[in-house]
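One structure, as structure tokens, below. Some questions next.
Going in written order, the chains are labelled A, B, C and D, and every chain counts its residues from 1.
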Amino acid sequence: MMTFSTDAWARNAARYETIRTMPFNEALAAGTLGRGPFEHYIVQDAHYLIGFGRALAIAAAKAPDPDRMVQFCEAAKEAVVVERALHGSFFADWGISPDDFAATPVSPPCHHYVSYLIATAYAEPYEVVLGAILPCFWIYAEIGRDIYGRASKDNPYHAWIDTYAGEEFHEAVRRMREATDEAAATASPRTIEAMHAAYTKATQLEWMFWNGAHTEAAWPL
Amino acid sequence: MMTFSTDAWARNAARYETIRTMPFNEALAAGTLGRGPFEHYIVQDAHYLIGFGRALAIAAAKAPDPDRMVQFCEAAKEAVVVERALHGSFFADWGISPDDFAATPVSPPCHHYVSYLIATAYAEPYEVVLGAILPCFWIYAEIGRDIYGRASKDNPYHAWIDTYAGEEFHEAVRRMREATDEAAATASPRTIEAMHAAYTKATQLEWMFWNGAHTEAAWPL
Amino acid sequence: MMTFSTDAWARNAARYETIRTMPFNEALAAGTLGRGPFEHYIVQDAHYLIGFGRALAIAAAKAPDPDRMVQFCEAAKEAVVVERALHGSFFADWGISPDDFAATPVSPPCHHYVSYLIATAYAEPYEVVLGAILPCFWIYAEIGRDIYGRASKDNPYHAWIDTYAGEEFHEAVRRMREATDEAAATASPRTIEAMHAAYTKATQLEWMFWNGAHTEAAWPL
Amino acid sequence: MMTFSTDAWARNAARYETIRTMPFNEALAAGTLGRGPFEHYIVQDAHYLIGFGRALAIAAAKAPDPDRMVQFCEAAKEAVVVERALHGSFFADWGISPDDFAATPVSPPCHHYVSYLIATAYAEPYEVVLGAILPCFWIYAEIGRDIYGRASKDNPYHAWIDTYAGEEFHEAVRRMREATDEAAATASPRTIEAMHAAYTKATQLEWMFWNGAHTEAAWPL
């Protein structure tokens, strides 16, 4: 029988391809991405990671057994650790001061994505929470690997792109797929459909997040 | 001392004026709104009301005393009752079948707003939940009163516009302001700032909801 | 196929019989219950109803469709309305002043039961929440019917016992069973076992609540 | 100004002394504790730690800043790690097999305490969650230090008692007090009273947990 994650990937293959080839990612790989969109991206990513960490902490609280609790606690902590690394190195490299960061509001797509993850984390059963969390791990890892594979070394963003290639992150993705498939294995068809709906929604919000960086999305009022 | 709600209204006066005069509301008042945007609006409104009802039910669960629990239970129920009324009359009048409705996904701005309300309802303390819930009651009522006041009787949407003018709804708004001000009265400065941030965020999402109807917003992938 | 509720009743038949014949209920039916335990009971019942109402409000927020949302909002409101009726008539009849009530802490068994319902309401999926909520409706109704059937008219608690016999309450129980069986009908075996565990736990806590009244349970430190 | 934790300790000084000198702890220190109560204790402790870890994970999700998120994620993980250590060494030493453990239900006092922590973690604001979580850290550490100080080396439970004396645990307690005092520093008087009520309730439940081990508490039906 097909695992949930294999099925989810197949159902969203066209969406993945749309994300892979969207202007932001093409420009990032080509090294032609403007500094404005890149800065927007890393600032919103820092905001996002905190919200993502909160959703992972709730997943830890809802996990059915101690091993999964530990896995999600570590993933939640790691999201915050990566957020700090952004502040500690990339923000400095690109001249984004702590004051700049504090003065930059969460953008609409970032706010939308984080709101969705937190709403889902609290309101939905564990299985569906995992359906919503998986795309951020998995799509991000695949997009990163794709960009890493085609970006040249003189790409101005190569330091950033290198972070995508970490083996540790790919291991975390593998374990997240495993947790999601394990949860789906004993779920009802109704719950599995809700997992798929969550997976697709988060996939759409991945695109909107990157697109928001590209358009430097801001609140219209 | 200024109540929270008076302060919140003043802080967001420019945003209210932007909403009041935004193209969707101008066209609705003038009777020139296209059928597409109107249908989009009432379909998304039906989706919204269910999510709003869920957030109100959580507010009921978090309310500090029995009277407020009853108030929020009634408000949650009323949101669903209004949603049913949309299905029962407006959908029929405008030729939107149950199948049409079922086939229309929640639009991005509606999904964003509902996600935010539900995330806030679960994750935040009661006072902040009320800060997020109040704009939907209050801005909606004021916009409705404004449009009702200037729409002519041959406006094709007059049946809809009339629903804004119900005295019962304005009474519900008054009680929601009262609950919010009561909660703010003994809150810390930090919590009151979080209430203001929530009020402003929901105000921005009100605009995005109406603008989404005007542009018939859909998921790009 | 056996419905969930029929199965749950059968699995807990011995526990029900233990509750039905426990000293508190025997003494209530016989009219020999001391005034202390009775007063303890109605005071703790008032505390309990507020917590029960909160759990029902969360169930409303998690309900899968608008009709169930309305049902649970109404049930949550009704719990508070009954709590008020206790204050308004029984407390007066038995000389329990508002100050007496305010000065009486939630007893350990009442605190335990309410904590369990609220923890379950937030942490568990809708189906399991219903498994935990059903015994309070159903066992209470059956115990009430049993005591009503055997209590004489000169029972000093007959006014209280009469409240058990309300047709409205039995209709609410019927609808709660229906909602629970509906939820179980499409749930996975794993979720159904979690529903049964919740049903049994709440049944045990029903006994502990009544027993706590009989022993006038208080915090030992 | 007195910190919250100093005030909370003073308000509950008599309760602490009651716990310190309760039969279970006296017998543990004297080495006269029966094997039944000790086994009951470590089995229920293992159950407790998982629930405690879940409450800490929710606290992480609600924490106001990244540093506290990391602190609570680590504490949640540590609770599970300690639970595993129980399984890995003490259970083996005392002949409690995995099957014995699986067959032993959560006892009423353990279920009560865990239900309270999880209900509070979800339903209450961050400050109050910390008020409920602190006693388990702090009282446990102080009781442990006290027993460690007076237990002789030929105490049959000395391996267990030694675990109390770990410097790491006392450091975690210190940081938890710091987080709680930090949260209280900007909280409203109403919230601080709710924090105190939560602290006292958890203190009472600490006693009930130990007392449950001493009486080998079980579900009466």
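We adopt the following convention: contacts are C-beta pairs under 8 Å (C-beta built on N, C-alpha and C of every residue); 3 or more make two chains touch, one makes a residue touch a chain.
Worth saying up front: this structure is predicted, and the values here are computed from it rather than measured.
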Exercise for the section: Could you label the subunit C-subunit D interface same or different, taking same to mean over half of its residue numbers are used by both chains? Expected result: same
Fill in the blank from the handout: Ranking A-D and B-D by C-beta pairs in contact puts on top A-D
Handout entry: Whole-Å separation of chain centres (CA-atom averages), subunit A against subunit D
Key = 35
Practice task
Could you grab the centroid distance between subunit C and subunit D? Build each centroid from C-alpha atoms only and quote it in angstrom.
Solution key: 30
Problem - Chain centre separation in whole Å, for subunit D relative to subunit B (CA means) - result: 44
Exercise for the section: Note the residues in subunit A that touch 2 or more other chains, in rising order. Expected result: 54, 61-62, 122-123
Practice task
Would you identify the shape of the chain contact graph, picking one of line, ring, star, complete or other?
Solution key: complete
Exercise for the section: Would you tell me which residues of subunit B are touching subunit A in their complex? Expected result: 14-15, 18-19, 54, 108, 111-112, 114-116, 118-119, 122-123, 201, 203-204, 207-208, 211, 219-221
Exercise for the section: Would you pull the subunit D residues touching subunit B in the complex into a rising list? Expected result: 61-62, 122-125, 186-191
Problem - Touching residues (chain side subunit B, partner subunit C) in the complex - result: 50, 53-55, 57-58, 60-62, 66, 69-70, 72-74, 76-77, 80-81, 83-84, 121-122
